[in-house]
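Here's a structure for you.
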Amino acid sequence: MTDSPLPQTAWRETPFDDDKLKEECGIFGVNGVSTAANFVALGLHALQHRGQEAGGIVVHDPEHGFNSARRFGYVRDNFTSQAVMDTLPGPIAIGHVRYSTAGSKGATAIRDVQPFFGEFAMGGAAIAHNGNITNAEELRRELIERGSIFQSSSDSECIIHLMARSLQKNIPERMKDALRRVEGAFSVVAMTRTKLIGVRDALGVRPLVLGRIGDGYALASETCALDIIGAEFVREIEPGEMVVISSTGEVTSHRPFEQKPSRFCIFEHVYFSRPDSILGGRSVYETRENIGRELAKEAPVEADLVCPVPDSGTPAAIGFSLQSGIPYAMGIIRNQYMGRTFIEPSEQVRNLGVRLKLNVNRALIRGKRVILVDDSVVRGTTSRKIKEMILDAGAAEVHFRIASPPTAWPCFYGVDTPQREKLLAATMSEEEMRTHLGVDSLKFISLDGLYRAVGEANGRDAKAPQYCDACFSGEYPVAPRDKLAQGFQLKTAAE
Amino acid sequence: MTDSPLPQTAWRETPFDDDKLKEECGIFGVNGVSTAANFVALGLHALQHRGQEAGGIVVHDPEHGFNSARRFGYVRDNFTSQAVMDTLPGPIAIGHVRYSTAGSKGATAIRDVQPFFGEFAMGGAAIAHNGNITNAEELRRELIERGSIFQSSSDSECIIHLMARSLQKNIPERMKDALRRVEGAFSVVAMTRTKLIGVRDALGVRPLVLGRIGDGYALASETCALDIIGAEFVREIEPGEMVVISSTGEVTSHRPFEQKPSRFCIFEHVYFSRPDSILGGRSVYETRENIGRELAKEAPVEADLVCPVPDSGTPAAIGFSLQSGIPYAMGIIRNQYMGRTFIEPSEQVRNLGVRLKLNVNRALIRGKRVILVDDSVVRGTTSRKIKEMILDAGAAEVHFRIASPPTAWPCFYGVDTPQREKLLAATMSEEEMRTHLGVDSLKFISLDGLYRAVGEANGRDAKAPQYCDACFSGEYPVAPRDKLAQGFQLKTAAE
Amino acid sequence: MTDSPLPQTAWRETPFDDDKLKEECGIFGVNGVSTAANFVALGLHALQHRGQEAGGIVVHDPEHGFNSARRFGYVRDNFTSQAVMDTLPGPIAIGHVRYSTAGSKGATAIRDVQPFFGEFAMGGAAIAHNGNITNAEELRRELIERGSIFQSSSDSECIIHLMARSLQKNIPERMKDALRRVEGAFSVVAMTRTKLIGVRDALGVRPLVLGRIGDGYALASETCALDIIGAEFVREIEPGEMVVISSTGEVTSHRPFEQKPSRFCIFEHVYFSRPDSILGGRSVYETRENIGRELAKEAPVEADLVCPVPDSGTPAAIGFSLQSGIPYAMGIIRNQYMGRTFIEPSEQVRNLGVRLKLNVNRALIRGKRVILVDDSVVRGTTSRKIKEMILDAGAAEVHFRIASPPTAWPCFYGVDTPQREKLLAATMSEEEMRTHLGVDSLKFISLDGLYRAVGEANGRDAKAPQYCDACFSGEYPVAPRDKLAQGFQLKTAAE
Amino acid sequence: MTDSPLPQTAWRETPFDDDKLKEECGIFGVNGVSTAANFVALGLHALQHRGQEAGGIVVHDPEHGFNSARRFGYVRDNFTSQAVMDTLPGPIAIGHVRYSTAGSKGATAIRDVQPFFGEFAMGGAAIAHNGNITNAEELRRELIERGSIFQSSSDSECIIHLMARSLQKNIPERMKDALRRVEGAFSVVAMTRTKLIGVRDALGVRPLVLGRIGDGYALASETCALDIIGAEFVREIEPGEMVVISSTGEVTSHRPFEQKPSRFCIFEHVYFSRPDSILGGRSVYETRENIGRELAKEAPVEADLVCPVPDSGTPAAIGFSLQSGIPYAMGIIRNQYMGRTFIEPSEQVRNLGVRLKLNVNRALIRGKRVILVDDSVVRGTTSRKIKEMILDAGAAEVHFRIASPPTAWPCFYGVDTPQREKLLAATMSEEEMRTHLGVDSLKFISLDGLYRAVGEANGRDAKAPQYCDACFSGEYPVAPRDKLAQGFQLKTAAE
């Protein structure tokens, strides 16, 4: 495989808001089109919200073989020049955007940027992974002892080494071998010289959808990435399913894993997925509007305005307004040129960090009782600053309404969460949080309310929860084996 | 003066949406603070919507004299590194962001990036200009004949040469001399070694506000730039006023020009200014919500959803929804990572350009009658594509409602408009436009309705219009002398 | 291991003169000093003539573990910034400069830039290799079949995979295991967390020397790299020897291979090594002066001036002048700013390529009989152009004297040579070459004369040649196994 | 005029050897060819030794008007890409390379990079200047008072402002007007839309030559720049002459200044000019060889080897060897990859700075009596380090022979010299310098010897010196007016 030798045009950016949970990856693949890499670039651009640190594309072409380009920074900055895209010819391609990997502390090396590639006796294969392998440390130790050389600090590299050592004669079978050894949450797109492969783990924690584009097929983390290329949404890949898509458009479905009830990540509905994507047959936007309506029912309050914390609180705020009849207004305006690293003037500017991206609509807010709707509270740092700005602008009252339950547990399935002790809800009650944030009222939607909003009319089935909600409930559907080995404490009966 | 020798970190970007009128400049200045350039960088970041092509900062410090840095690209990419900001010491600074200048065809040179600087016998001065000088060609010819050497193609450079040739003994007086020779629209911030100066032309076409920060003062195009640095809004600079602000905080007011009735640009209310800025004592956001309400009264229609064309149509759409009772919804989602230059895949993607930044919320829109609210229609190119995307998604009906009257005339006062024949409304009636766009209905707010929404209860005074509305009415408050010389035809009695 | 995340500051350059044989690598290592990477950067700078395409450094430090930086371009452009060198802490380091690798066609990927690193069960190791593995293809196939994943197209990567699969318990023993499987020519420096290792193949084809610096030791391809850091030259590593140098300065010597008579590359004396390096106890400069003297004896000619083809012909030209008594003069001047890629003006400039780096001293040359001394003739392309320039300048006669025998065979031991049919001497007799170049006379030193000049008083021992001279003689001391498999024809009895 | 908007590809470099006098500029112009800028790029590359900090090119084309590109760094790094050169169309062009300007302290701004351009009533003109205007401060003050705005800190900008204010009706006449006001040393190339102009000051201090290329003409600082483009050397422009070259190849000669005896800079023969250039009908190389012969006659010494200090001492060393019969040898080898900014390892490397570019040929030097020939001694800092390296290598004796008289006075005519007190010869006798440098002997050529070597058989005419030799003699042919105003002391009768 040949890496694009052209230099990258933009450098990595720090995350936009460091007080959010971060989805760690978006994946995309396409087979059976003329310039597959151009489609992948577009698909990854549409999935950029799932990972902003780096991106990579691998292609194959009978004449030029496998080629790849992996860069730090945004897709729009790296995969838009003719010079780069000309190094990526062929009708089949996969790509990946990432936020950061388990394992790498501090700066990521370009070696950690997916897709990963391996040359096997029967030809090469590349894979891109969204999720997290919870027994990666154990696998890595074993593989090194047997003579594998790891090139990255990524947990995902285990998969390619397991495939290299499989005795199966073709790549899809080697992939099954490898993924059966792997624990945790994963959606994977992979490619051989002619085949595009998509897999979801048995619980289906992370999303993966199938689309049709002309005579070819695409796989994507979300439907919004099908929309951008004009592909038709066919269906979701099912939990525990592997699909193999040939260059002539045959799609075969396999079931390599033991069958289990699905446990899709409920936070995809709350925050990770884009509002214009479709999950479970419904617009994510509508689900979030529903969450706002549910929240208005559960936690009503008298006020003059309902304002979203932009942009993620917007659909829930609209729902809250529609349910409550309190007018919706943009009380906080977001600077669309997003700056994060300005040098603080020597006369210190209060809340400079938050001012760089948000400004209160002072003339609108003055003297008003304001309901602020946000999607979640993680450490509470941004929430406090927003409250201060709102009060500085002369609001009469500030009421926070949160479109998810308290986030009290870290995610080990492909989401970047702070350590448990940094989560506000891990150490404080709702009332303590209210006092800490200094607002007139603070209410989170209940877990049952959230389940109702996503379409479970009877709420959560406590015996067999329909979703993975470990970040709220502390109930982990897959034991986080590496983390337990490092001393992580599961929820006790008392909690 | 010494230019920062450090290389720029980002290159110019093409405009985000080429079917909008573009404000050409934002200006900012501060005096009497410790690290003035850091404040200016923040102020310019808040004004980035007024000009994305390039930015510049000039500072003065008794020890290091005048220093400057001028760069293509966003403020956040150029004026955030310690290395650059360290080259800009001192308690007084002015800055400028620009979209493009009258006179430059094609790519702008860095020489055209303001502020401009001149060394006079009594010391140096720098100026930054928002607006357009309508007799610049004439002045330029005269100055060259007298031996001045122009370094840029900018109309604004005339001001500094006129100042250099003034016989006045101090810089504020030289500036008055110069500006009395200049015709057109201008708001100017300027600086000497110790004084910050702000001026608006006699009609006050472009905005300029005064703020207080600690013991110092700031001048800015809009109040949102005061907010970001935590400055208190004092007042607007009045039409025809010059203020001179000393390093010790004395503010003196001068009236260098003949008194005239004010003619502020009404399009600042419609689109140019940020919604969180205050104009005429009221939030721009509220004015736009008012425009939406007014539009709902003037042009009601039965429908299921009111959706904004993001982001500029949002406040008017909210107003339309509040007035009409039709639910507000985000039917079109904007990609916040804004890509514009992806390479089109060889299987052509319909409306690729617009898909890079906008996506229809398909599951929400399907089968619905949708009212789309946009701020303006210029060439109509984007409007057509949005309509197609909405219909592709299965909308039952599409109704366009436009928060400004038809834009039928170019602006010569500091706004980038296409040539008259490119403006849709210059050659088509409302019904012709409706057919051209292919929508079920299309309605623009009336000029009187717009005046009412901005607070003129009796609408427009046809004898003495309270605003500059030349882009709608063709009535130019200052004769565009250079353009007339080039053959531009004013509105005839018949039109 | 963590790669330096900082972007590289310069891009790869094309080779300075494409009509020379190119040494493919320079290697350097140091142990037991405070900032080992800074020493390695200096050492690699001194070895830059051995490889200009890319360079890499690996370090280890108990606190930060292994770190590396690998970049295209010159050492001076990549390893001189504090920002980069700060990412390379520790008392032990190795480095590599390269021209290009066997196996990579076209542009090299950064993955092909050495040193290579592997994490083994007992800890990590890095290696840097000068030479060429003649059975690399065979080894690679075998390793892939057993589940190794190759990350580069470099032959040298085999070594690290062979080490990973060795069952030995420590790294030096694993290295012996690995190198016993490898055929061809190699000098290797390697490092573990605490040990610096140097090895030469059994024939000692490529150079490697040991130096002492304070309480530490350095290994380098040539002594000039010891000089730059002020290290004392201790001795050459012997053919077939492995030295292991601990952090406390113990040096142990091992003999992992079967003992054989040495076959050092004679072309190192002719061209590859720097004139200020010491080989076999004598200055390379003096050896080359000797070659010039020998050439003057073998091939005298009447003339007015002896001129070198700069810079590699200089010492032999001085020797020729001293022996012949004909005055030495700089008839050709080299532009020290070396440009290679200027755009040809539309009026074509004759011999533009060579004019960019060389100019004839016209006023000196006019009317003179000139002897031009060059180190070698490969394809003859540059020689022809130089001859034309000399004649254009009005020289009366041009006599070429070449300080090496005709280069008629490719090198397979770590030198970049054209395919055999591109070598002028592979297809032409001396007289045919003279006619082809269009000069008054052309003489190469004899193979025996060259052996005498390097110190073999009796010339070449045809039964057991004291050096590897395959490029002249076609007698390959190690069978080029991969090349033979690809169809390369060895010299026949008839040739 | 439009500046090239493309970013520059390399950043400024620090000077190669900071212990040399630096020529400040090289100039080049061409008219009547198809792609003039490509010729200028080549010409400037050949003149790079006259200025390495920055370069610029201005072109004109009837279709595109005036265009320019000005960049920091080498010509080969900035003016070789198709993208940049495509912005520079047209049949007429001038260019400039510079080291640094009088007036700029510290970093140069891109505004200070020539050519300078002015738009006059009768059209634009650009000029490039080699030399120094000794009354620039006075002129600048006067021009500012009259309303001119300076854009740079360069003395050369005065010329363009004086031209702008001239009442003459065409540009060549305006240029005469302007240059008659200017004092000091100057060679200038200038261009209008169709005419190429070359001028030398009345004394002809700086060089300028005329060449013929096809039907067009070129002007260059040195003949080596004619050679690179294949132009035929026609003649030197005479002191006090202005030539005007039309687009159709007419050359007219003017004499705008009062006639005076010529005073060409003698240091051009010693060091500034390239050895392959022709000055006064003779190769500079031969003149330098002559200087070496003269030095061998004036200051003979018994020794084993004559070694040049590379590269500038080489021709004189060859001459010294030929005259003395002592063998010439390369005792010091220069690293052709020139590094200057490596980070010093924590174990300090003695003389690291000089080691980065020079290394002693240890095996050759050991035990020998060595004559080192250098072109000049300025501060003596490099000479001391070289001596130390030679002694470290075991030389038995070190004798310095300098190919110019002691440099005791600064140059004010376009050469960068340290302040007088930093010049070793300004404060020490020859014997004191010998002791300071710590060598066995030190001899400079006499001023008369130097005159003989450059062709004045009777040596220097003390009453009417044939050259400008102010740096040796302190006799300034033009009073340095600005410097005198700043307190510079001319040589007193006593000195």
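Order of writing sets the chain letters: A, B, C and D. Residues in each chain are counted from 1.
What we mean here is this: contacts are C-beta pairs under 8 Å (C-beta built on N, C-alpha and C of every residue); 3 or more make two chains touch, one makes a residue touch a chain.
A quick map from chain label to UniProt name: A, B, C, D = Amidophosphoribosyltransferase.
None of these values were measured; they are calculated from a predicted model.
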Report back the single chain whose CA centre is most distant from the CA centre of chain D. A
I'd like the Å distance between the centres of chain A and chain C, where a centre is the mean of that chain's Cα atoms. 50
Round to the nearest whole Å and give the separation of the Cα centres of chain B and chain C. 61
Just curious, how far off is chain B from chain A if you go by their C-alpha centres, in Å? 37
Could you tell me which residues belong to chain C and also touch two or more other chains? none
Kindly provide every pair of chains that touch. A-B, A-C, B-D, C-D
Interface with chain A, chain B side, in the complex: residues 10, 33-35, 38-39, 41-42, 45-46, 48-49, 52, 74-76, 79-80, 82, 85, 213-214, 224, 227-230, 274-276, 278, 281-283, 285-286, 289, 311, 314-315, 318, 322, 327-330, 333, 335-347, 349-350, 352, 355-356, 359-364
Which of the residues in chain C come into contact with chain A in the complex? 2-3, 5, 7-8, 11-12, 72, 106-111, 118-121, 144-151, 160-161, 164-165
